[in-house]
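In the two complexes that follow, subunit A is the common piece, with subunit B as its partner first and subunit C second.
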Partner chain A sequence: MKYLDEFGDPAIARALLDDIARIVTKPWAIMEICGGQTHTIIRNGIDQLLPGGIELIHGPGCPVCVTPLETIDRAMAIAALPGVIFASFGDMIRVPGSSVDLFQIKASGGDVRIVYSPLDAVRIAQANPDKQVVFFGIGFETTAPANAMTVQLAKQLGLRNFSLLASHVLVPPAITAILDSPRRRVQGFLAAGHVCTVMGMGEYLPLVEKYHVPIVVTGFEPLDVLQGIRMVLVQLESGRAELENAYPRAVSAEGNLAAQAVVRDVFTVCDRAWRGISVIPDSGWRVADKYAEFDAELRFDVSDIKATESPLCHSGEVLQGFLKPNQCPAFGQECTPRKPLGAPMVSSEGACAAYYHFRRIQTPATA
Partner chain B sequence: MCLGVPGRIDKIWQGDGVRMAAVDFGGVRKEVCLEFLPDIEVGDYTIVHVGFALTKLDEKSALETLELMRSVGLLDEEFGLVADPNEGLR
Partner chain C sequence: MSDRPDLENWSCPLPLRDHPNVVMGHGGGGRLSAELVEHLLLPAFAGTHDADVLNQLGDAAVLSLSGRRVAFSTDSYVVQPRFFPGGNIGDLAVNGTINDLAVSGAVPLALSVGLILEEGLALSELAFIANTMGMAARRAGVSIVTGDTKVVDFGHGDGVYINTSGIGVVPAGVDLGPHRVTPGDAVIVSGVIGRHGVAVLSVREGLEFGSDICTDTVPLNGLVHDLLGSGVEVHMMRDPTRGGVAATLNEIATSARVGVEIVERNVPVPDDVRAACGFLGLDPLYVANEGCLVAFVSAADADQAIAVMRNHEFGRDATLIGYVTGDHVGTVVARTSIGGQRVVDLPLAEQLPRIC
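Right after this comes the complex of A and B.
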C-alpha cells in the first residue's frame, strides 16, 4: 500500500480503513463538497483504498470552477481597460473565459496583479490613487469575510478608486440543488470544514432533517477525510441521518461570529449562476446596495457581455458528479493544465486538475 | 487559494485601522489580518485563509498539519512559491 505512508499516521489510517471494511455491507455513494478534499482523495488514493462499492462523487466545491463564465468575461473586459489595475487570486489567472484568460490580458498590456490576500488589493489602491483598482472577489463562505473586509476598509479609508467584482457562492443551496436533482445518486455528504469554521453548522440541520441524509463536517487532510467517510458510512449502515462534526479542532457549532457580521454587513444574498450547472436560487452573495459605490459591476459598464462556453467541455457534469473527469472525452487530449478548456483543469481545487496531476489518465472500469 | 494553513502568531500591531500579525508558517512568514479573531495573542496558533486568521488551533494539530502540507508540496502551492503556468506574473 504505497499511499498509506503519506497519511501522516499510517497506523491510524490502517485502523480507519479496517473499521470501514468491517462496517460496510452494501454499496454507498458519498459526495465530498470541498475541492481540497477531492485533491486529497485522489492524491492519497482514498477512493481506491475503500471497499469496492463505496463510491466517492466529487462535488462542486471548487470556487474558481463554478465562477460563472459571464463574470469571468466581465473580469477580462475590466482588466483590459486603460487606467485599471486588476487584482486577483493566482488561481483565476489561467481560467479560460469565452475567448481569452487574464494571463493573455496581462500579456497584451493589461495591468493584472496576483495578490495573496484581498487586503493587498486595498494597499495597491492606496498606493495608486490615479488608477482604478478592482479586486476579483470569488470564493465560498470561507473567503467571503476576507473579501467583504476590503469593502469596509476601502470605505473607512475613504478610497474612491477601489471596487470589488464579487462572485460568491454558498454551499447549503448547492447541496439542496444536488439533493433535488432527478439524477441524484448521493446518499451522504462530507461538508467542507473551513466553510463551517466561518459559518458554523446550523445551516445543515434543516437539510439533514428534510432529506434524511447524513452530513459530516470534516477537514481536507487524509485522516480527516477518512474519518469523515467512516462516520457517514456508520450512519448509512444504521439508517441514521444526522449532522456530525469530524473536525472539532477547527469547527464550532456557531462558527466565527465576527466574520459572519462583516459578511452580513457588506453582502446580500442573490441568485447565482454556477458555471456549467445552472442558476441556483439564493446561492450567492453580491455587494449590498449600501456599498454600491464599491461594486465593480456598477462602476464599469460590463453587464451586456455574452459568454460562450467551449462545446467540448463537460465541466458542468463533472462538477455535479455525473461524470468523473477522466470520462470527459477532452480530458488529457484537447484539455490539459497548459491548454485548459474548462476551469476544473486549471484551478488548484479542480477535479480535472487532480485527476491529471495524480495520473488518473485511464477511464475507470466502473462508472 | 482555498486552503486554510496553520501558523503561529509572532507579532501583533495595528495597521491602517486593522489588527495585523506576522504569522510563521513553518519558516514562511506572512502578514495576516486578525480582525475576525479579536482575542488571539502572540504565541497562539491559527488557521489562516487568504491572509485572514479564521480560528484558533492547538499547537499539536497545527504542527502536524503544517508538516503534512509541507510534505505534499501544498505550502509552496498555497504561498505561490512553485513554478507553475503563472510564472512570470509573480
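Right after this comes the complex of A and C.
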C-alpha cells in the first residue's frame, strides 16, 4: 500500500460517487475546512462529479490565506533588516505584503531562505552565530508542534540568535465562528485530517452536540475526500449529527500526545485576526511568555506596523463560504496569481488560486 | 561618469512592471521568464537579419547556411548544489545543450564550453566537473571544440557557472516545429518524469530529505536519431526541462495554436518521485527533467513511435500521455484519475514547497 495511487483509484471513486448519488435526496451544503482538501477537490474535479444539489463550500483552512496582512508586513520588515536570515516555508515566500513579497526582499539583498523543516532554521542559526535567524512559523495545529520544537531546541542549545515569528491559527474556534454566523449556510463539515492527527478528535464533539452538525474527520487523497463527503451525506440524509472518522489510518481519538505537550509548553492561546474575516477569540497560538526571548515580534519591535487590505478583495467572503472565488468581481481581473490582491489567490492551497489554475476553461477568459 | 547609461528614463514595458528588479522567477521557465523574453529581450534584439529565427523561440535556432540547415543552441547552468544524486553541473551542461539541438531535429556535432569560476574553487572539484563533461561528450559522440575561462572574485559567483553552446546539422527531410502540430497528434513522453528536479531538491540546503532518486540526465541524440530514422511522422519535440512537462505542453499549445489533452494517470511518474512530490506539495508535471523528451507524432504512428523509443536504452518507459485537440486552443487540460478534468496551467515561476 503506497497510499497515493490506491487512494486515487478510478473504480473505487466511481463506486463511491454512485453510492453518493444513491444516498442523496435533496440539496446539501458541506464545507471542507482545509485548503489541502480544496486543492484535491478542484484539482481532481470532484465537485464536478457530485450530484447537482451537493455544494462544496471552501473553508478557511489555508494557513497562508488567513495569515493577516499585518503579520506578513512585519515579516517583510524583519526579513529586510541587515544581519537577518529569514527562513520560511516555501509557499509563504510569494505572498504579497502591502508593498512587496519575500522574493522581492530577496532580490533587494535580503537573506530569505526556504526550508522544509522548521528545525532546519535552528540549524541555520547554529551555523551562522553572527546573524539573527528568524523562522516564520505560521499554520494550523498541524505545523505547530514542529514550530514549537524550534523554540525548545533553541533554548536547549542556548542559541541567542534564533527567534520565531509565530502566527498560528486553530480550527475549532473557526468552525464555531462559521456556525455562529447569522448567514450560516454550512450543514456539515469535513474536518481537517492532519490537524486531528495532532490534536485528536475530542475538540469537535462539543461542536457536534451544540450545533447539531455532522463533522467527519477527512483525509486528503481523492478517495479520502469522497469517503468524507459520503459519510457527511449519510448523516445529513438520516438526520443524524455525529463526529466520525473517515481517516483512521492517520487520526486517532486522542491524537499525538507528545506533539500536544510540546505545543502546550511553547505556545499560549490568544485572540487572532484571520485575514479577511475578523478577530476570532481564542483562535490562535502565540509564543508563551516564558519563551518571550524567542519571540521575533518582541525581539524586532515591529508591533507598530499596521496594514490595510485592498477594498477590492473579497477573500473573507470566500474563506467563509459566502462567495465562490469566481464570483468575486476582482477574480481574474484585478486579482490574478501574478498580482494577487489577497492570499487565497497566491497560495497553492488558496481557493482562488485553485479556481484560477484549474478552472480557467469555465471562467471568463482572462489569462 | 558621463558614460553611465541613463536608467532613470527607461520605461519598463507594462507586463514587467510588477517586478522592477529581476526576481528568481524570471529564470524559472514559467510565465515570468516568457514575459521577460517577449517584452524586454525580443524588442531589444529585433531588426537583425535573422530576427525571425529568434522569434520562433525554439530550443535551438535553425539557420540556413550555404544550403545546409544548421541548428545552434546555447544554455547556461547555475545549478546549486553543483553535485546531486546521479550527476553534476558538468554532465548536465553537456547533455542539456545536446538535447536542445537533438529535439530540434538536428544531429549535434560540436559544443563550446564557457566556464565562469569563483576565486577559491578547489581545482580538484573543477577537474572532476571537467572530466564529467568530457565523458558526457564522448558518450554522446559530440566534440567539445572551443571554450573560454573567466574567474570572478570570491563571493561574486557560486563556485562554477557553465555555458555550453552547440551546433548540429538538420538532416534533409526533417521538418519539426509548431507549424506541423495538428489536432489528433499523439503526445508521447520518452520516459518517466520528475527525477531531475526532485534529485536536486533532495540535496538543496534547507530541503534535504532521504531519497535515492537520481537525476535523469542523459544525451537524447541517439534516441532522436532512431525515432527520426524509423519513418515515424514526428511533428515536434521538446525536452521538458525548467517548468517540466506542463510548461512544455503549454508552450506548444500556444505556439501551435492547438489544445492539448492529457490523461493524468498515464503520465509515467516513478513511485519515489510521486512520494517526494506528495510530501513537498509539488506537482510532478511541473518538475524539471534532463533526460526525456515530449514528442508530438502523427496519431497513426503513435504505437510505432513508442516501440522505437522503448527499443532505445533512454526510451524504455516511453508512454502515450495524450492527444492534440482543436478545442480549448492554447490550453492544456488533464483528465484526472477519477474522471474529472482540470486545466494544466503554465507555471508563474518555480514551484514552492507547501506548508502542510
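The working rule: the second predicted complex is superposed on the first by the 352 of 367 C-alpha atoms of A that agree within 3 Å, B and C clash if a C-alpha of one lies under 4 Å from a C-alpha of the other, contacts with A are read in each partner's own complex, and residues count from 1 in each chain.
Here is the rule we use: a residue touches a chain if its C-beta (ideal position, glycine included) is under 8 Å from a C-beta of that chain, and two chains touch if they have at least 3 such contacts.
Just so it is clear, the structure is predicted and the values come from calculations on it, not from any experiment.
Peer 1: Superposed on subunit A, are subunit B and subunit C clashing or fitting side by side?
Peer 2: They clash.
Peer 1: Quick check for you: in the superposed arrangement, does A:Val318 touch first (subunit B), second (subunit C), both or neither?
Peer 2: It touches nothing on subunit B or subunit C.
Peer 1: Is A:Glu6 contacted by the first partner subunit B, the second partner subunit C, both or neither?
Peer 2: first
Peer 1: When the two structures are overlaid on chain A, which partner does A:Cys335 contact: first (subunit B), second (subunit C), both, or neither?
Peer 2: Neither partner.
Peer 1: If you stack the two complexes on chain A, which partner ends up touching A:Ala75: first (subunit B), second (subunit C), both, or neither?
Peer 2: Neither partner.
Peer 1: Under the stated touch criterion, which partner chain does A:Arg359 make contact with: subunit B (first), subunit C (second), both, or neither?
Peer 2: Only subunit C is touched by A:Arg359; subunit B is not.
Peer 1: Applying the document's definition of touch, where does A:Gln104 land relative to subunit B and subunit C: first, second, both, or neither?
Peer 2: second
Peer 1: So in the superposed three-chain picture, is A:Ile178 touching just subunit B, just subunit C, both, or none of them (first/second/both/neither)?
Peer 2: neither
Peer 1: One more residue to check, A:Gln48. First (subunit B), second (subunit C), both or neither?
Peer 2: second
Peer 1: When the two structures are overlaid on chain A, which partner does A:Ile124 contact: first (subunit B), second (subunit C), both, or neither?
Peer 2: A:Ile124 sits against subunit C, while subunit B stays out of touch.
Peer 1: Among 279-287, 297-305, 315-323 or 333-341, indicate the stretch of subunit C whose C-alpha atoms run into subunit B.
Peer 2: The answer is stretch 279-287.
Peer 1: Both subunit B and subunit C contact which residues of subunit A?
Peer 2: Residues 8, 36, 43, 63-64, 89-91, 93-94, 103, 106, 114, 116, 120, 139-140, 142-143, 194, 222, 337-338, 348-349 of subunit A touch both subunit B and subunit C.
Peer 1: Would you tell me which residues of subunit A are touching subunit C in their complex?
Peer 2: 2, 4-5, 8-10, 13-14, 17, 36, 42-46, 48-49, 63-64, 87, 89-94, 103-104, 106-108, 113-116, 120, 124, 138-140, 142-143, 194, 222, 226, 337-339, 348-349, 356-361
Peer 1: Within the complex, which stretch of subunit C touches subunit A?
Peer 2: 18-19, 21-25, 31-32, 205-209, 265, 271, 274-275, 278, 280-281, 328, 331, 333, 336-343, 345, 348-349, 351-356
Peer 1: In the complex, go through subunit B and note every residue touching subunit A.
Peer 2: 1-4, 16-18, 30-33, 35-38, 47, 49-52, 54-55, 57-58, 61, 64-65, 67-68, 71-72, 77, 79-80, 85-86, 89-90
Peer 1: Under the definition above, what is the set of subunit A residues touching subunit B in their complex?
Peer 2: Per the stated touch rule, the residues are 6, 8, 34-36, 43, 62-64, 89-91, 93-94, 103, 106, 112, 114, 116-120, 126, 139-140, 142-143, 145-146, 149, 153, 156-157, 194, 197-198, 220-222, 249-252, 256, 258-259, 262, 337-338, 346, 348-349.
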